[in-house]
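Read from first to last, the chains carry the letters A, B, C, D, E and F; within each, the first residue is number 1.
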Amino acid sequence: MSEVLNVEQVLEKLKNTLGDAMLSYEIREYTMGVKRQRKLYEIWAEIDKDAFRKAVETIFAIDYPHLHFITGEDTGGEVIKMIYSFGIFHTRPWGEISITLKFDLPKSNLILPTITDLMMGAETNEREIREMLGVEFDGLKNKRHLFLPDDWPEGKYPWRRDEYGVEDMIKHTHKSVKEIRKERGESG
Amino acid sequence: MPTKVMFLILKQLLEKPFTNPFPVKHAPKNVTELIEKVQKGEVQINPPVPVPEGFRGKLHYDPERCIGCRLCIMVCPADAMEWVPELKKIRHYVSRCMFCALCVDVCPGKKFPGEEKAVKALSMSEEFLLADYDKYSDNLIEEPPEAKEKGI
Amino acid sequence: MAKSTYYIPVGPIHPALKEPIRVEAEVEGEKIVKVDVKRGFAHRGIEYMGMKRNAIQTLYLSERICGICSISHPYAFVITAEKALGIEAPPRAQYIRTIIAELERIHSHILWLGVIAHEMGFDTLLFWTWKGREKVLDLLEFITGNRINYSMYMIGGARRDLKEKHIRAIKDAIDYYWKFTEHMKEIFLSDPVYKARTRNVAKVSKDIALKLNLVGPIARAAGIRMDVRQDMPYDAYADIDVRAVVPQDIVGEVYGDAYDVTMVRIYEIEQSLDIIEYCVDNLPEGKILAIPNYVALLAKIRRTKGEAIGAHEAPRGEVIHYLKFDGRDGPSVWKVIAPSYNNINSWGPLLIGAEVADIPIVVAYIDPCMCCNDRVAVVKTKDGNELGYTEIRKKCLEKTEKIRRELK
Amino acid sequence: MIEHLPALVIAIPLFGAFITPLFRKRYNLAALWAILISGLTLVLVLLLEYQVLTKGMMIYVFGADKPTLVLPSGYRVPIRIMFQVDGIGAFMAISAGLMSFVGAVYSYSHLQKETGLEKYYTLLLLLTAGILGMVLTGDLFNLFVFLEIASIAGSALVGFRNYRGEASEAGIKYLIVSSVASLMVLFAVGILYGQYGHLNLAYLSKQITFNPLDMIALGLLFTSFAMKCGSVPMHYWVPDAYTEVPSGINPPLLVSTYASLYALFRVSFTLFGKITIDMATVGWIMSILGVLTMFIGVTMALVQKDVKRLMSYHAISQTGYMLLGVGVGLTVFHDKQALIEFGRTAMAGGVFHIINHIIYKSLLLLTAGALFYVTGTRNLNEMGGLARKMPITTISFMVGAAAISGIPPFNGFASKFLIYEAVYKLNPLLAIFAMVTSILTLASFVKVFASAFLGPPLEKYEKVREVPKPMIVAMVILAALCVLFGLFPDFVLDKIVYPAVDALINFIQYQSWGGLA
Amino acid sequence: MTPETIFYSVAFPLLGVFLGLVYKGIDRRISARLTSRIGPPIRQPFWDVGKLLLKETIVPKNAIAWLFNAMPILAFASSLTLLLYIPFGVLKAPLEGYGDLVVILYLLTLQSLAMAIGGFASGSPFSSVGAQREMVLMMSYEMPLATVIVGFALIYRSFSLTTIASTPVWSIVSPLAAFGVLLLFVALLTVTPAELAKLPFDIAEAETEIAEGMLAEYSGRNLALFYLSDAVRGFAMAAIEVVLFFPFTLSSILGLSLTGFALYAVEALWFLLKVLIIYLLAVTLVRTSFGRFKIDQASRIFWVHVNLVALLGLALIWVGV
Amino acid sequence: MGKLDNFKRSLWVFHASGGSCNACDIEIVAALTPRYDVERFGIKLVGSPRHADVLLVTGAIPRDFADKLRRVYEQMPEPKAVVVVGNCGTSGGVFYDSYNIAGPIDEIIPVDVYVPGCPPRPEAIIDAVVKAWLKVEKLEKKLEGKEE
């Protein structure tokens, strides 16, 4: 087991390894509890996309993390905002520090290094992001569709808010009884 | 090999079954006849497990009380309310509802003259035996009566 | 047997899976040599829908992610939303929420015990455990107005208050479940068949569990002390020192198999009972909603910008939501991670080398929540038997007509 | 004429065999010729059986003025070669005649694609002649000679498809096993001849003293014949030979195997029949060998993927039943009461099982041949869904499988039932093993059935049709026999089995040449 | 065959089918009560069969039709034949003398076999796995079954069920052998659920694992036939156990001296009662209180544990008789 | 005794779920358990559509599940009935504007009885059974009428 660090120390380590690639950072604290209030800490950092892999490796070096999620936001512009969230020092009461890394990935070059070599379980997440947002993961072995069928049309990504989106595939299931009654000839 | 389960089930054998024999104990020979008899009061039907106070059953809509504020439509997660513009009232589809009662919470309702407080146009009833052959049957749609008559 | 390999598709409609998922297994004799898990038969695109609706609608949509622990996703959702919006739920509401969540854990764990027994054909135990489960369902119905899908939570509090009669009913149920759990321990943990079917089945080591990112009772059964209620407490859990239930604390050794999961789950029921007792005894007074008016709530959401991550320990493991509010009355980004999302990772490694008879156990032991999982659309290119479909459609319309006439 | 029957029975196939090479290149004629000859032989052996049944043991002395003259004037010892046909001999002869006929019919279309068929049919007839000689002769050296004839014809047939390496190898293996066995027989014959100066079986059996040398002779004969009939632990040649031999030869080859079994019985019962002390030991050895054979055979069969190989292991396993049945009889051979109580029944079971097994195993091997004929493979994993294409083969297979598994009302049940019924009285474990073997056999055949005939249709066998008529005829004959023997076991038992058993038991009669001397 | 025999041969199977269904109904009712439920009416199996006969009989595309259709008939026929070998109270079995324990062993096997072949013939992977399991299971439980049969043969020096039924086994053996017989009884009780494909050995039909296994593709009339043969087999198996181990007649216990029709009637009822008790013990109670074993576990149980018990019983009998 | 009498009293049920939230599914299982025990009506959950008389469907039916559902329906032998449990199967319910829903179920296979609720209580499912019986009886009457 690695040494337990507090939130500042963790941030310090990240800053040290990333240097200028750390664009902005913030420690958020939340107070929990009614009778005995205590604090929880989260690190939110915005980084350069090229430093992503290094940042993740740093986290793995601090403590084997628990991957919360990987997601991305397509704001409709030229970039996809990627969000990676890890929890470290979980398994310790009040000890989990959540680290969230955000960075912009230009739509012209949607490629990221995989983290499945560090954590097998991230495969599900990466495959999901790959099919949902069209982000390629370099080194991801299993590239079969996870949720989408194998014959999913090329270039359709459900979470995209641009021309690659699925807006045209929506089906509204509710029908008004007005039409139904007309069809059945029940009302005048 | 006697196991604990064996003792357990032997004990259960001696106890009364836990089953609530709703509506009758076994499949009747003829349901139509049975229902006739029940209506005549010759046979009693075993009631279902009673619902508690505050049970969220089928939504009841009282168009008289509705002021057409459309708040219910705003909060309804299931799109179960339909705006009837001609009447400035709503139509509720039981077969779309998810019985969350959010609409009941937000409904302001109307105060009739002589009443102290406004009464909501929407309320949750205790009715939950809703099986039907047609999802658009009258029982599964709550609306102002004239909506159906006029086909709007 | 003669044909050396068979190909067994399990699902998407399969008796072992009340929920649709497809496991394609290649079998040699009784041994499984290749597995392929195909998810995606329950995608309803909930996240997508949620990003278009308002926050209250989305909260209730999140309840329909899963009906088994129907309060888990709303719980994670309200916690996340409160963090993002800076709303604090009143103390009484926090305690009520915790009570409901723990009651749900009881029903869900008992459900799981019944289901896994059913998977091995042990319907007697299914009947018995579910008979015991009715009590907590009645209680939940009494408190919330429905047996399942409680519709209890609201951003900034809870919708229904606990009255004296409710508290009495809760205490009564707690007494009942202390006894019932004791029975369950005796029966499940001692039955020879149950043990034979679960011991060393679906075994994961601590290391693998970490690498596969497993969560919840499975991770705990593998010996990892992880539990959101302990690591990142919230609501009433922050006042109670919840500790993860792991087999090494119960019997001193860890197998990480389905038997250990059973044990962990049964002991977690006891833990839940403790938590509920504490909450009921220390229930703070006060209001239950920070912003009682939903319209005002939606207006505040529209005004606020913010993002947050929130988690809740559902019966099956941690539920994580990420929400970003961006000037709309609903979330502009919503990401849901359900426990099964991670736990299904374990199927591949667990099934290879297992036997056909183990499939349901392996599948059931993580208590999969496909509904939580398949959040994404699946659209098929338009081909296939279009003809058959139109025919059926025609038949269907004719039938409607007929029925309608008949019933006139 | 009738008195020349025993000689004719040998002479006809021999004659047929020598004529066959004349049909070079005209294979169809050769096949028809072989069918004709083997049919004729079948008729003759049936007549022979009738004679034996009605008139008792038949003696035929070659070269004597009168064929029945065993001891020409003044001699106290028979000096000429003679045939001595009793119940068991006739019983075996029927099997041989029947099977070579069926084999010839089957071969007619099964082998159309091969070349050198005139040799094939020559060998077939030679094999038949060899077997018939073995079972009919009353002379030890003569037995050896016919054994050699059968072995050589057999190994040539096993290696017939010499373009296949496996076939040649199996042929050579068979030849080596046969030669070793023959050598041992020859050695034993030598020992006996050296001691007693005679080769006539009946005469020898009277003289035998069971001194150490005799014991060696017994051991040698026992071993060599056990080896030739495929008993454990010398069963290794069987699967190779049965698998590689063209299916049409399987029936006669089976009979030739059981001709060795016959020889084993003949040696044990007749030659050494009067040795009272140690026969129980020999019987026990035989029974235990039987149980081992059946069990090892069936367990080996369970893991096979090649149809014919699998069936060959079953052949080994089934041999165990015969050894067991007869072995139990032998054990109580000198205990008159037990013999009457169950020994005779056990032997009847064993002997009955010989012919039953020959019938149904031939049937099964023929269906395997049919499978090979249409699919070109013997690998079960590559077959599937053939039932809808080949209904008659399927039904034949089912009959055969049911019979070998001892399911009533097929013939396998009839004989196995006798064995169960008798054997447990000697030792219950023997019966349990016998029953369990049956079930394992059943399981194994269900497996074959399922993988070859059932399951979804395979694309590559889309065009497969039912096999040609002659093959069907051969299979149907055998299937019908399975059913008939199963439905009317009493008839068969009365007419041919009990006479055969009694012939073994009443060795005194044999010793006295049927009372002729 | 006398006219009487022919009459019995018709009446017995009919009666057997009826009783089989009644017992199945009772079984389901009691099993429901054991799990705290009301359960279906006792007539339920009759309705089930009636319903199945009413339904469409589908032959799947991949199946081999003639085999697929023949197997239910074979299973049903063999279960009916089975009935003809069982002495019913003091009534003699219609086919007594034509066969005996060994035939019964085979008839029991034949039904499993018909089911397995039907499963293989349906061309569905579930059915094939089910059928394979059935075969493995069959191989496993057949040895103890054979041991029981041989054990009885040792005692009576005969395989005939009528001989066995005529004298209670306990009255003719020494105490040592009686203990052996007891062990055989235990072995047979363990084999019963496997033979009847009931829990904990209903591995071949495991609903949750392989979608009803061998029967997955069967419907309508074919399924009804399997349903019936299953019912009959359940009754027959319990009846065989009664005949083997509890052939005591009521008249011999109570010292009644009934004759003629009264005797037959009383004994028949007594016999039915005994069968019911055994049925409830060996089938209902067991199937309700156990979960399903895995095939290799079941195999091991039979090959090792049950076999040991049975062989020990056999040894005791051998020594004791 | 009506022709469909046996049918009515021995309904074997196959359960297919696609895109449900599972609440309905567990209420169906709950209907089998001691409190409600539908087995007393001869109702049995079976593992193969070939054995089934009634197809219970839950869920909003995602697009690629529709095919499977159709296949299951076709595999069932006649006579057969379809019962939809829950509102998301009946109308789409909360999942009304998804891009992945092929439902409601009645657009895929013909439905005989709907059980509204989200989820319906087990008793409501039993109520659906009663409604199904009534329907069968109506059919029976009609058949009898024809025969006369």
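By definition in this document, a residue touches a chain if its C-beta (ideal position, glycine included) is under 8 Å from a C-beta of that chain, and two chains touch if they have at least 3 such contacts.
The model shown is predicted, which means the values in this text are computed figures rather than measured ones.
S.K.: Taking touch as defined above, what minimum step count separates subunit B and subunit D?
M.R.: Between subunit B and subunit D, the shortest chain-hopping route counts 2.
S.K.: Based on which chains touch which, give the shortest step count from subunit A to subunit C.
M.R.: Between subunit A and subunit C, the shortest chain-hopping route counts 1.
S.K.: With contacts defined as at the top, give the pair, D-E or A-B, that has more of them.
M.R.: Per the contact counts, D-E leads.
S.K.: Taking each chain's centre as the average of its Cα atoms, which chain lies closest to the overall Cα centroid?
M.R.: Of all chains shown, the one whose C-alpha centre lies nearest the global C-alpha mean is E.
S.K.: Centre to centre, using CA atoms, which chain is the farthest one from subunit E?
M.R.: So the farthest one, by centre of C-alpha atoms, is A.
S.K.: Need the CA-centroid distance for the pair subunit A / subunit D, whole Å please.
M.R.: Their C-alpha centroids are separated by 77 Å.
S.K.: Taking each chain's centre as the mean position of its Cα atoms, how many Å separate subunit A from subunit F?
M.R.: For subunit A versus subunit F, the centre distance works out to 39 Å.
S.K.: Report the inter-chain centroid distance for subunit C and subunit E in whole angstrom, where each centroid is the mean of the CA atoms.
M.R.: Chain centres of subunit C and subunit E, defined by C-alpha means, are spaced 43 Å apart.
S.K.: Averaged over CA atoms, how far is the centre of subunit B from the centre of subunit F? Could you give it in whole Å?
M.R.: Measuring from centre to centre gives 20 Å for this pair.
S.K.: I need the residues of subunit B touching at least two other chains; which ones are they?
M.R.: In subunit B, the residues touching two or more other chains are 3, 5, 9, 12, 17-19, 21, 25-27, 49, 77-79, 93, 96, 98-99, 133-134.
S.K.: What are the residue numbers in subunit E that touch two or more other chains?
M.R.: 32, 34-41, 126, 128, 135, 207-208, 211-212, 288-290, in rising order.
S.K.: Scan subunit F for residues touching two or more other chains and write them down.
M.R.: 5, 9, 33-35, 37, 40-42, 47, 60, 64, 91-101, 106, 112, 118, 121
S.K.: Please output the residues of subunit A touching subunit F within their complex, sorted ascending.
M.R.: Those in contact with subunit F are residues 149, 158, 166-167, 169-174.
S.K.: Using the touch definition from the top, list the residues of subunit C that touch subunit F in their complex.
M.R.: 12-13, 15, 18-20, 40-46, 48-49, 52, 60-61, 63-68, 70, 111, 114-115, 126-128, 130-131, 134, 137, 147-149, 369-371, 374, 376-380, 384-385, 388-389, 392-393, 395-396, 399-400, 403, 406
S.K.: Inside the complex, what are the residues of subunit F that reach subunit C?
M.R.: Those in contact with subunit C are residues 15-30, 33-35, 45, 47, 49, 59-60, 62-65, 67-70, 72-73, 88, 93-95, 97-101, 106-112, 118-119, 121, 138, 142.
S.K.: Which of the residues in subunit E end up touching subunit C in this complex?
M.R.: Touching subunit C: residues 34-37, 125-126, 128-129, 132-133, 135, 199-200, 202-203, 206-212, 288-297 of subunit E.
S.K.: Within their complex, state which residues of subunit B touch subunit C.
M.R.: Per the touch definition, subunit B meets subunit C at residues 1, 3-5, 8-9, 12, 18, 49, 51-52, 54-56, 71, 74-78, 98-102, 105-106, 124, 133-134.
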